[in-house]
Amino acid sequence: MKYLTFGEIMLRLKSPGHECLFQNGTLEATFGGGEANVAVSLANFGVDAAFLTVLPDNPVGSACMGELRRFGVDTSRILTRQGRMGIYFLESGANQRPSKVVYDRAGSAIAQTAPSEIDWDQAFAGIGWFHITGITPALSESAMELSLCAVREAKARGVTVSCDLNYRKNLWKYGKEAPQVMRELTKSVDVAIANEEDVQKSLGISAAVDVTAGQLDREKYRALGDQVLREFPNLRLIAITLRESVSADINGWSACLNNGSKFYTSRRYEIRDIVDRVGGGDSFAAGLIYGLTHYQNHQEALEFAVAASCLKHSILGDFNRVSVADVEKLMAGDGSGRVQR
Amino acid sequence: MKYLTFGEIMLRLKSPGHECLFQNGTLEATFGGGEANVAVSLANFGVDAAFLTVLPDNPVGSACMGELRRFGVDTSRILTRQGRMGIYFLESGANQRPSKVVYDRAGSAIAQTAPSEIDWDQAFAGIGWFHITGITPALSESAMELSLCAVREAKARGVTVSCDLNYRKNLWKYGKEAPQVMRELTKSVDVAIANEEDVQKSLGISAAVDVTAGQLDREKYRALGDQVLREFPNLRLIAITLRESVSADINGWSACLNNGSKFYTSRRYEIRDIVDRVGGGDSFAAGLIYGLTHYQNHQEALEFAVAASCLKHSILGDFNRVSVADVEKLMAGDGSGRVQR
Amino acid sequence: MKYLTFGEIMLRLKSPGHECLFQNGTLEATFGGGEANVAVSLANFGVDAAFLTVLPDNPVGSACMGELRRFGVDTSRILTRQGRMGIYFLESGANQRPSKVVYDRAGSAIAQTAPSEIDWDQAFAGIGWFHITGITPALSESAMELSLCAVREAKARGVTVSCDLNYRKNLWKYGKEAPQVMRELTKSVDVAIANEEDVQKSLGISAAVDVTAGQLDREKYRALGDQVLREFPNLRLIAITLRESVSADINGWSACLNNGSKFYTSRRYEIRDIVDRVGGGDSFAAGLIYGLTHYQNHQEALEFAVAASCLKHSILGDFNRVSVADVEKLMAGDGSGRVQR
Amino acid sequence: MKYLTFGEIMLRLKSPGHECLFQNGTLEATFGGGEANVAVSLANFGVDAAFLTVLPDNPVGSACMGELRRFGVDTSRILTRQGRMGIYFLESGANQRPSKVVYDRAGSAIAQTAPSEIDWDQAFAGIGWFHITGITPALSESAMELSLCAVREAKARGVTVSCDLNYRKNLWKYGKEAPQVMRELTKSVDVAIANEEDVQKSLGISAAVDVTAGQLDREKYRALGDQVLREFPNLRLIAITLRESVSADINGWSACLNNGSKFYTSRRYEIRDIVDRVGGGDSFAAGLIYGLTHYQNHQEALEFAVAASCLKHSILGDFNRVSVADVEKLMAGDGSGRVQR
Amino acid sequence: MKYLTFGEIMLRLKSPGHECLFQNGTLEATFGGGEANVAVSLANFGVDAAFLTVLPDNPVGSACMGELRRFGVDTSRILTRQGRMGIYFLESGANQRPSKVVYDRAGSAIAQTAPSEIDWDQAFAGIGWFHITGITPALSESAMELSLCAVREAKARGVTVSCDLNYRKNLWKYGKEAPQVMRELTKSVDVAIANEEDVQKSLGISAAVDVTAGQLDREKYRALGDQVLREFPNLRLIAITLRESVSADINGWSACLNNGSKFYTSRRYEIRDIVDRVGGGDSFAAGLIYGLTHYQNHQEALEFAVAASCLKHSILGDFNRVSVADVEKLMAGDGSGRVQR
Amino acid sequence: MKYLTFGEIMLRLKSPGHECLFQNGTLEATFGGGEANVAVSLANFGVDAAFLTVLPDNPVGSACMGELRRFGVDTSRILTRQGRMGIYFLESGANQRPSKVVYDRAGSAIAQTAPSEIDWDQAFAGIGWFHITGITPALSESAMELSLCAVREAKARGVTVSCDLNYRKNLWKYGKEAPQVMRELTKSVDVAIANEEDVQKSLGISAAVDVTAGQLDREKYRALGDQVLREFPNLRLIAITLRESVSADINGWSACLNNGSKFYTSRRYEIRDIVDRVGGGDSFAAGLIYGLTHYQNHQEALEFAVAASCLKHSILGDFNRVSVADVEKLMAGDGSGRVQR
């Protein structure tokens, strides 16, 4: 099975450690973005993963492509054209001080690309699974069209489609509300992934859940999933991550999966010294995609996804660098952190 | 309202991260000192803040001045003269290992300046609030005279005077005991700020409080405040910070305020991954000064001060870099550390 | 009393902070190894400590020797010859992600040295205490012979011998099982130091203790010690460290000591923000050796050892950089981490 | 005399040392841009300099403003609005490998600002000298209008106007040729500054000079200047920098000045270990502006400008950090680089 | 045409900047080795290049593989097995102080691999050009057999074979002299590459050339080439690089090529601020291979190779990061180092 | 022969690379000072060298002691007492921009020590050669007394005394002129070392030499040496270093030696990419002391000293890290900087 993910990858400029942005004259320059993060994580699990995007034809774009290749991601389907690369600035929070993301992604190459510029036959050649998120259609009118086109082209070819509903309130500036677009897009999706806020803001389906509270009521999530599956009968399943934000360093982390007939809840992990929260949801998506295609049942797939994304919180950068062995060790119950010699 | 703070600012040389001093060949070089920290924090709250000090006329002194200007602090009242700049070396603790401060501040320019060298009319032009600490009078005989002169000049001009009683046991080496001086100085103060140790060591007023115990008995602080206000009827109020030191990383943080008629206690924050403790008290002082001049009541002023200084513990360096919006977000109850995108 | 420790010291190449190995193009290059760590810690306690090893005659070896000298360790007994220096790569874990050690120590100079190459009279001149670990005999056939020879030469000269039973499963590749060798070596030992796994794997004495469980049952350790002391009547005492691994950051830390007649258990420390776990056991050994030769009773010696090694977890690098004063401050109960000014 | 400069300032992201862009995961983040560089240099000469620009209302924009304040530049006239901040990526060349600049400045806040958004009375309050460059009108149609408006508003108020003709071939993309615009703008200029390429490309006045040759023929520059002054009788003088590019590290550096009646040529400096070439021309402009307003004659003004900009080549970053004393020391002939103790 | 290079790649540990080894606690960790450097440079020229080697199955080996992939090198033919990865420590010289390389490559995975472990059909599938160096056969008896086997397998398949004669005096420790082996290997080579020392030490053919002198006598190299071509009639051509070492920073750089019928000498470059000399010869080999397969005549091929390798001296790390466009710009005569904007 | 040097060692705080002081928030923290530099260099030559000084009893002082031990310098004679450690800030120049040293050494522990505090018998036990400089007596009245006492105590014990006349114009602030003191001190000196300025400013003996000129007239130095030897008949010889400062990067470097009967001039080295000039003179002194005690004649001793100090210019930090083999390689004529593998 070959996997394809599609979306925007950005230059990520982070202040070192816990420093505020521009506190000193250095920024850590890496790359990241929802769908690219999924591709890299899949490649790190040893499967054949490709990433589709549009990059500027300059040293920033080629450095990005090299970085993806380093992880073994197939970059041969990536388009290059004029334009710029989206950027996000990141300041890492601590305790009560939240992490801050400052977007500088307007006018990126991908946001200016029309569906006709992509050769979909070539893009989907040999692909069995396609992954997209709610971020891409939020970028621009043309990116929204690209996104809808992509999922429909995927379905037309019998490719399984997963979508992380990811809601970003500082995007969606081109005149459409998220639900208008996302409800349409979800009609071509097989596997939906979300956190509680995404479901509400992206699909306009509201749940009586208080996000800012520490403890989460898992049972309410069963009902929320049921409702989504009722409204979108094409969906085979929906998985929802459950983050309990105690502080910027301390989170509870678990998830549930609703496949219409059964509701699974995962083991809950207490993460008390978060290294990097960004990309946590993406690492869950990658884990779930891997899990659904490599394990016998949904419970195991879910546990793999949660364990994989739990580990991501201890890794710097957008990309989850763990292997299947690392994840299965944690799934098997060893989260003691004992030195491996 | 324009604010003036007065005291010594030092070059702060810190070993990186949790390294011991001189463990490797690099030191982080920033600037800091009680009163300067207050001025910077006030400027970050968007008010007009000036700092008065004496700096050497060399590249160290001018770098310091540039750094203050960067935050918008008015440096035009600063004197330059021959001499050196005080230095402190800092090693950041962890767990049971405490942070260590090594002072190298003997013979600094400010410690050798006489009251007559300062043009007080110019220094106080347009000033409505003046802030000083118990550190400056501890430096040297002449600095003690400078300090007494400063608060008296302030009072003579009808300027509100706040003083952080800050006791430093490794200073006070010129022949006077702290209470001899500080009790005199406090007679010209309107707003006193302190921690439990400062009240005892600086004013010689003892409280039956065990500093090294984890849990603090807040009611004893009411009595302590009452006693101070009785002895110094000129004081309008005294605020006391309550630090519960579990380890170098984990502190409880709250405060109380006694205005003679009422006793206020603040919300208590649990800080579990302290980034930098130094300047915590100063950020409280700045928050209180801002709060007392921008909020309707003492409870809000106190909550602002505690929330501001809670956030300081998550910021590297002496200076509190948070804005009013950051503080009010925490005051409103959101300390979950969720990523802000 | 002059102390000698003997074993392999390696170049330690660590990725910065919590980064994965080779995540960026920089490695922190220091030195470390069980017995060298003990020598450095002893030197930091102010006693006269020498280290015996075999180093390559190249810039890596001489940098290592310089680093030992910096701490005041006597390096005059170290041999240099052709060969290479062992290396270990270290990636620092966080939360559920464990720290990883990758050994590259095959073919090191010390692993290729025969007992006859060492002048034992010179090596033991003036020495009162000798320390070795279970790592050295695991390196190679000749290193095993070196180790046995060393302890016998020590005993023959009336030198007290301590041994940290340290079991390393990725060594022991030259054809012998650990217990075959370690049981023989232990016959020349006075003071044994171990963790629960070491006793079982190095001596082949099994205890009904579940290492991966959080809470440890201390009473079982009394029985385990009794059994070891019965089997090796030459042993004066055995000390066992008790690590409760909650995560890579959070460990409980304590120890017990069994001298045949009495069983001592230490105070337990909660370490919640581990800076560097590597060398924790070595710092306990050094603390115990110091304690046994400087305090009146075994309880105090044990408390010193546990407090010293508790502090080590807050220090970057293999070496414990704390002084006797630092340790005694913690022994006396002050682990509040308050800033020392 | 108060000085105002106007234009775009960008975030400058440079790979460390001589590394290629993205060779490692770190970028040095500072700020720079032609007109801002002039303002900072003037402030470092101790005069009262203000900078006018439009910045985004986000952490990047406020960090930039703080950095300008640090040097004492008056930032009170800067506008903030929605939009992004222009960025340029810089890779530092060596030997035959040239430095590379990658622009990412499309869509910046200033490029989207109309002349009507600026209160010109406020902008020019108290200003005696106004400086602009040929970069601003190259950004966008509205920036071109802003630029023309600015110089005309300056002239209308009797302010002296200087302009660095700076030609940037990768800008000028909105449909106008440089000379169309720059010839119009130059009609409101008193002092023109240029290198040989700028004169040709910005004003469309061609000189028989081979830029790529090492040795430059200074006499041809007299004729070139004469021609410019003939075509623009409003110009009081034109100064032309003469760079002889031997390699990325080695340049000859000098300049000439033509005031219509006399032609001055400066001392020539050999710079053999260039630290940072970027901003070299701007430091000349700042030096010339300072020189023309502080020295008695044009020869001295020119020598000051050349010495100041010679020193800039030895300073990292866009900004020239030298003082008047530093420059005058070199003007006086001491370029021996002897250690100053 | 697909290119394959074969040999050892090592972990390269360099002290930062001009620091001595272990002067501070940081090493720059990259990868490099003669044949890998050629593969990376070819990939940077945009051609299809594969690298064949044997790597340990651990994080060091996989990081190395990722780094090669980043440049687009095909790593699918690389074998992994038990063993270690060779290391070299590098200290960068300056002026009269030479750069120093300390090898720690004994016992590497490739040095322990037998010819039978490699599937030569798979290794050479689709390959048109094969490159090897004199370093691999110097590693060990089995590596020598591997090398001989490789060139013969290549010839048997009609693949063009190039060999850089690279002599390393600190290798060749397994009992054979270099000429014994290299003369045999050269019989299967089409294109030989060398510097003056390599020809003498690897082939045992002596030339009356004084390496340590500054100026090199190019005519003597014609005779030397003639002699080599006479002794090895299978050789189509030999290219010799001519390095004039003035100091660690300043080198003259040129080359000559002798194809039996004609003798070509290249343009000579003066490099005065060398950034990294290591890999200079490899970048010449890559340039020559590219040139011989992309240009019409040997003069152009030689000029491409010299220009490419000239640029390498200005790039940090073993790998030459320049593109064909970069090289052709210099070939066309533009080595002025002017900033490219 | 055991060597002792005596004087002040300081904390050296340098901005990284060519950055200006405080350009970024990091300082490189090492240690250095004239006499300590000589001791370290001697230890690096493999001889038994001790350093005598007075250090504060704090972490700065002990880090300094550790650093000296690392090089094998005997630190057992060092006194510790209350006080501070002198500091100097260093900014590294380039081209026409000079390096700048900012002293912050007032009030250091050594400047406050009286001769009576030192046990001279212990200090000179086993010493055959004593070295001092003109810096120590310039620090303070008591340091001047210490210095005079030291050389007299040395002479009284038959120890050879060398003195580097080092003149520092920013010291000598306690009321004496340099010649008053230095002429007295020189009466107890056997070997004088100086540059042309030192002779004039320290001894008040003027030479018709223009320091700022590039080319130096060596013959005038013979006369200068003759005059010094005439005035101080106790001097066995005087060596004078000849620095031709072309720029901060480019210096000519040579020296001459006058022993009363013969005048020797050394080979001249062209250093074109200076890494660190500070400590250049000290490395010459160390080289000369080593040379005079290890070579047969003064010409060789001088050549060793010049070659050793030539190499120092390529090493970062005050300390010369080269070995005798490194120096003798250059003495033998190999300054080509070819990579040593």
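Order of writing sets the chain letters: A, B, C, D, E and F. Residues in each chain are counted from 1.
Keep this in mind: a contact is a pair of C-beta atoms (placed from the backbone, for glycine too) under 8 Å apart; a residue touches a chain by one contact, two chains touch by 3 or more.
Just so we're clear, the structure is a prediction, and the values are computed from it rather than from any experiment.
Asker: Return the chains shared as contacts by subunit D and subunit E, ordered by label.
Answerer: Chains in contact with subunit D as well as subunit E: A, B, C, F.
Asker: Shared touching chains for subunit A and subunit B?
Answerer: C, D, E, F
Asker: Does D-F or B-F have the larger number of C-beta pairs in contact?
Answerer: D-F
Asker: Using the average of all C-alpha atoms in each chain as its centre, how far is it in Å between subunit B and subunit D?
Answerer: Each chain's C-alpha centroid was found; their separation is 43 Å.
Asker: Tell me, which residues of subunit B touch at least two other chains?
Answerer: Residues 17, 25-26, 66, 100, 272-273 of subunit B each touch two or more of the other chains.
Asker: Taking the touch definition from the header, please name the shape of the chain graph: line, ring, star, complete or other.
Answerer: Complete.
Asker: For subunit F, which residues count as touching subunit B in their complex?
Answerer: 13, 21-22, 25-30, 58-60, 63, 66, 84-85, 87, 89, 91, 100, 102, 104, 106-107
Asker: Under the touch definition given earlier, write down the residues of subunit B that touch subunit E in their complex.
Answerer: Residues 24-26 of subunit B touch subunit E in their complex.
Asker: Considering the complex alone, what residue numbers of subunit B touch subunit C?
Answerer: Contact set of subunit B toward subunit C: 17-20, 23, 93-101, 103, 168-170, 212, 214, 245-250, 272-273, 277-278.
Asker: Quick one: which bits of subunit E touch subunit D in the complex? Just the residue numbers, please.
Answerer: Residues 17, 269, 271-275, 310-311, 313-317, 321-322, 326, 330, 334-341 of subunit E touch subunit D in their complex.
Asker: Mind listing the subunit E positions that touch subunit A in their complex?
Answerer: Interface residues on subunit E, with respect to subunit A: 66-67, 69-72.
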